[in-house]
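Which chain is which? They are A, B, C, D and E, in the order written, and residues in each are numbered from 1.
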Amino acid sequence: MLKCQIGKRLPDFSLEVEFELERTVHVISGPSGAGKTTLLECIAGIQTPDEGEIRLGNKTLFSKEQGVNVPIHKRRIGYVLQEYALFPHMSVRQNLLFARGIWRSQKDPGVQLLESTAERLGILPLLNRMPRDLSGGEQQRVAIGRALLMEPELLLLDEPFSALDSDTVSKVLPLVQEVITNLNIPTLLITHQDEIARMFGPAILRMERGKLFSCKHGGEMV
Amino acid sequence: EQQENKKVLLMGVASSLEPVVKRLAWNYEAEHRDVKIQITSGSSGALARQIEQGAAFDLFLSAGEKEMEELVNKNLVEQDSITKFLSNRLVVIVPEGRPIIKDLGTLKNPEFKRIGIGEPTTVPAGRYAKQALEKIGLWADLQPKFVFGNSVRNVLTHVSSENVEAGIVYRSDAVSDDKVHVALEIDEKLHDPIRYPMAVLKDSKHATEARDFLKSLESPAGKEKFAKAAFQVQR
Amino acid sequence: MWTPVWLSLQVAGLATLIVAVLGMLTARWMQQTRLPFKELLDSLFLLPMVLPPTITGFLLLWFLGKKGPVGEMLASFGIEIPFSFAGAVIAAAVVAFPLMYQSAGAGFAAVDRKLELASMSLGAGRIRTFVQVTLPLALPGFLSGIVLTFARALGEFGATLMLAGNIPGVTQTIPLAVFTAVEAGQMEEVTWFVGIMTVLSFVLVFLIKRWGRAQSAKQGGRLRA
Amino acid sequence: MWTPVWLSLQVAGLATLIVAVLGMLTARWMQQTRLPFKELLDSLFLLPMVLPPTITGFLLLWFLGKKGPVGEMLASFGIEIPFSFAGAVIAAAVVAFPLMYQSAGAGFAAVDRKLELASMSLGAGRIRTFVQVTLPLALPGFLSGIVLTFARALGEFGATLMLAGNIPGVTQTIPLAVFTAVEAGQMEEVTWFVGIMTVLSFVLVFLIKRWGRAQSAKQGGRLRA
Amino acid sequence: MLKCQIGKRLPDFSLEVEFELERTVHVISGPSGAGKTTLLECIAGIQTPDEGEIRLGNKTLFSKEQGVNVPIHKRRIGYVLQEYALFPHMSVRQNLLFARGIWRSQKDPGVQLLESTAERLGILPLLNRMPRDLSGGEQQRVAIGRALLMEPELLLLDEPFSALDSDTVSKVLPLVQEVITNLNIPTLLITHQDEIARMFGPAILRMERGKLFSCKHGGEMV
């Protein structure tokens, strides 16, 4: 589904990856500063690779050779940023609603979906709060909800559970997995928490100084 | 260089007098090395107001008797220094190349879209113009066309830049600018006599020099210059 | 008595309307474009801010006057800007433009780029992102720009005097009326203008401040204690 | 010929100096104080921004004039403000003050409170926090305030005319000199002023912009691509 | 060393805690939104409790009754905020130097300490970068370094390892523990990662809806 072969210069090393993903969740881990966030930003269209190609399904998102660079909003990629990026001038409800497209009314079936999603993320009582009045973990859950509600064709999650305790994770995770399987969304997930990585399958991708390796849990390369 | 020990004469000069007075001041400075003359020009009304409020002028050369009287009443003027040896005529001017007009009523014609006159409350030339137009019953008809200048020279500029089609100024102004010419001389009987009272002010710190300068204006050489500039001089 | 007040509000209102839209669009365009002489253009837009208004007024008069490069053309269509109501609006607008341009620019620059990118990645196109994310986040800059513009337009004197002259009922706004009245020593009139304008301005400023505070309070803040 | 230019720079420079310091201190004080009539005071500080400068000038003249409440007192010390150089500086300063006050206020408000708290929790007292954290983060607001102030002071016309009059060499700044020259139709003089001021202003704006950009580039940014 | 008995109203519940700590590390965990960050902010002086008393050693930091509220900068508390709060206008080096007090020169012995600290945190090559050009985990390590360098009398760490992979944690953690033991600093650490909690001892404090409970690992209350 996702095919990615890109290069990008970073201050200390170069990001150089080449991989192909089928419709499943793939976990990326690796040391701090390895280039994980940079990779997701390239796929989302927030950064531009120096060379290579990115294809999602039969759409070319980026191609240096063909001069293609699909604008961010046409990529339909749900992206939970490492720093959440909630809209500070919108309530939690408006942040979530934003993902449902333009000028959605209360009658939109999405509204019901919104409430059930909020319910399962444990943020239903916070719908009318502003983002700055939330705790760290609460903000993170709103960011997850927002990405899920847009029903994306690809999901990019950058340490989406880093601010959550294990109890909360065990409530939020099933929802994420459910959306992924129900909608068949290929997913890239950055995490450094082994328990979480394990829940998404046997193999992980490991990034080190801009290079991606396939490996089993425990760290030995495949 | 030696400005420190120079006596600075600050004078408020009605704008219509400014071009000539400026030249006479240069001459005077050339002959009196210890005197420096600074000229503030504007409408006589505005100058009178500044003097009332305490501006430190040594001399006031007014284009209207009313303005001088106001200062006299407030006891700001050395009364014995007042001299009135100049007068002027009121004229209608048009940009160069335009036809002359036969009477003031012609100003009602549509080709005169805008007419410049002095702001009657502060500019004596405007006051005289208003008196004349009121006397022959044209003031109300022409009012929508007026662009009020802040001094009579301002009116002249409006006409010479052709942003208005006609203006009412002094004959001396009309003569000083070759982009305009006189279209009509206004009958003197229609307004108060135009006289230029000049005087030394009470607050002057250099009253002797100020009086001396006034005298030099009134000297034959001074009068000669004024006459050349189309002022009327009482000999 | 009320004429200059009413006229001033009309002139300042119209000028603000024009400048708010133009200033915003220009600022946005300048933020995104990659012109070769961008910095020069930027300085040009800001010029009327630093140039004394009497000079701006003189340049406008020369430009739009009957013999000026643009004025001559306009005159052939029967449009005459100098000494007209339009002239007063143009003088106020030109003098106030840089304030809006600069404030709007600062407003746009203050918007976290990450939020705009987040918006786009949620499927919002350029326009929707602009309207729903950029604009509201840049709002403080805009509002202060609009306030500055209106204030500047309301008080405009030098350029108006030059370009539009001092014509009661047509171009004689309050600053000009006060100038004339003070010069003429008509103290009751001056007192009246000063009184009404002081009250009006005070109320205006007060309301704007109130509203601005209400706006910014909305975004809340963890540390408001 | 150079006198008005030199005078203008002196007046505007002095006024900017005074206003920059006063405006900054006042804005900070207002941000932190909890006065009962704070909003009214705030509006008062902003008043000269909305008030037509001719009115501000008239009020100053009345206030500082020989028979005014403060002027009388000053006169007894032999100090006379109206129609003096000091008068020109005061007129420019009063008219420009709200711009600095508002910009500095916006600058302070834009500083993330969390960073000030972090600074204090690292042991930096109020003053060190202010100098090393608040001030540099509020810098964009300050700079634009100082630019606005200088620009406004340089172009000040209405209030100067009222309070300081139009006296060559003493209070006749460029805006007044241009006004006088235009009214008198002295076109060479006007052209000269317009030329020099346009060049001067342009260079000024250009340099300021350059410097501002260099400053803001320093903070870098992950998304600069 | 630290004695804390405070109350503070929050939107949905009240923070009400009473505890006394001896010179050791205490780990706080608990669900998202429980009030953990609020507690640390009260101790640091960033928020003001509605009632109660906070004492550190023989200093009263806060007392409603006695009307005492020591200003933040006199509390000498090293605080790693959940959102880092690095100074965006200072380089990494300047951020770290800031913690060493006013106008420190290059000759200050602290400079050497700074470099060795940066070395051990793996941020030595980043010293001249600006915070916004750092990855998430790199920013977090700078924030840790900054708090350690001020040599505080109490250390508050709000999820200080949330953005770090386990390899990086295993490098950073020993440094933190070393500083704590060498300088005898009482420490409160918020984390929801069990492995980390375990490394700091057998017992943890658990916070739920504003109340604090003592409990063993695994969750059973003591």
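The definition used in the following text is that a residue touches a chain if its C-beta (ideal position, glycine included) is under 8 Å from a C-beta of that chain, and two chains touch if they have at least 3 such contacts.
Everything numeric here is computed off the predicted structure, so don't read it as measured data.
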Set of chains adjacent to subunit A and to subunit D: C, E
Chain-chain pair with the highest tally of contacting C-beta pairs: C-D
Farthest chain (mean CA position) relative to subunit D: A
Subunit B-subunit E separation of Cα centroids, rounded to whole Å: 81
Whole-Å separation of chain centres (CA-atom averages), subunit B against subunit D: 37
Between subunit E and subunit C, distance of the C-alpha-averaged centres to the nearest whole Å: 49
Inter-centroid spacing, subunit D versus subunit C (mean Cα positions, whole Å): 18
Multi-partner residues of subunit E (each touching 2 or more other chains): 46, 83, 129, 133
Shared interface positions of subunit D, touching two or more other chains: 114, 117, 182, 221, 223
Junction residues of subunit B - those touching two or more other chains: 149-150, 161
Complex contacts: residues of subunit C adjacent to subunit B: 61, 65-67, 80, 82-83, 161, 165-168, 180, 182-186
Of subunit A, residues touching subunit E in the complex: 11-12, 29-33, 37, 82-83, 122, 125, 129, 133-138, 140-141, 159, 162-168, 192-194
Subunit C residues touching subunit A - in the complex, by the definition given at the top: 112, 114-115, 117-126, 128-129, 132-133, 136-137, 218-222
In the complex with subunit C, residue positions of subunit B that touch it: 43, 45-46, 48-49, 52, 113-114, 119, 121-122, 146-150, 158, 161-164
Subunit D residues within the subunit C interface of the complex: 8, 39-40, 42-44, 46-47, 49-55, 58-59, 99, 102, 106, 109-110, 113-114, 117, 140, 144, 148, 150-151, 154-155, 157-158, 161-162, 173-176, 178-179, 182, 190, 193-194, 197-198, 201-202, 204-206, 209-210, 216, 221, 223
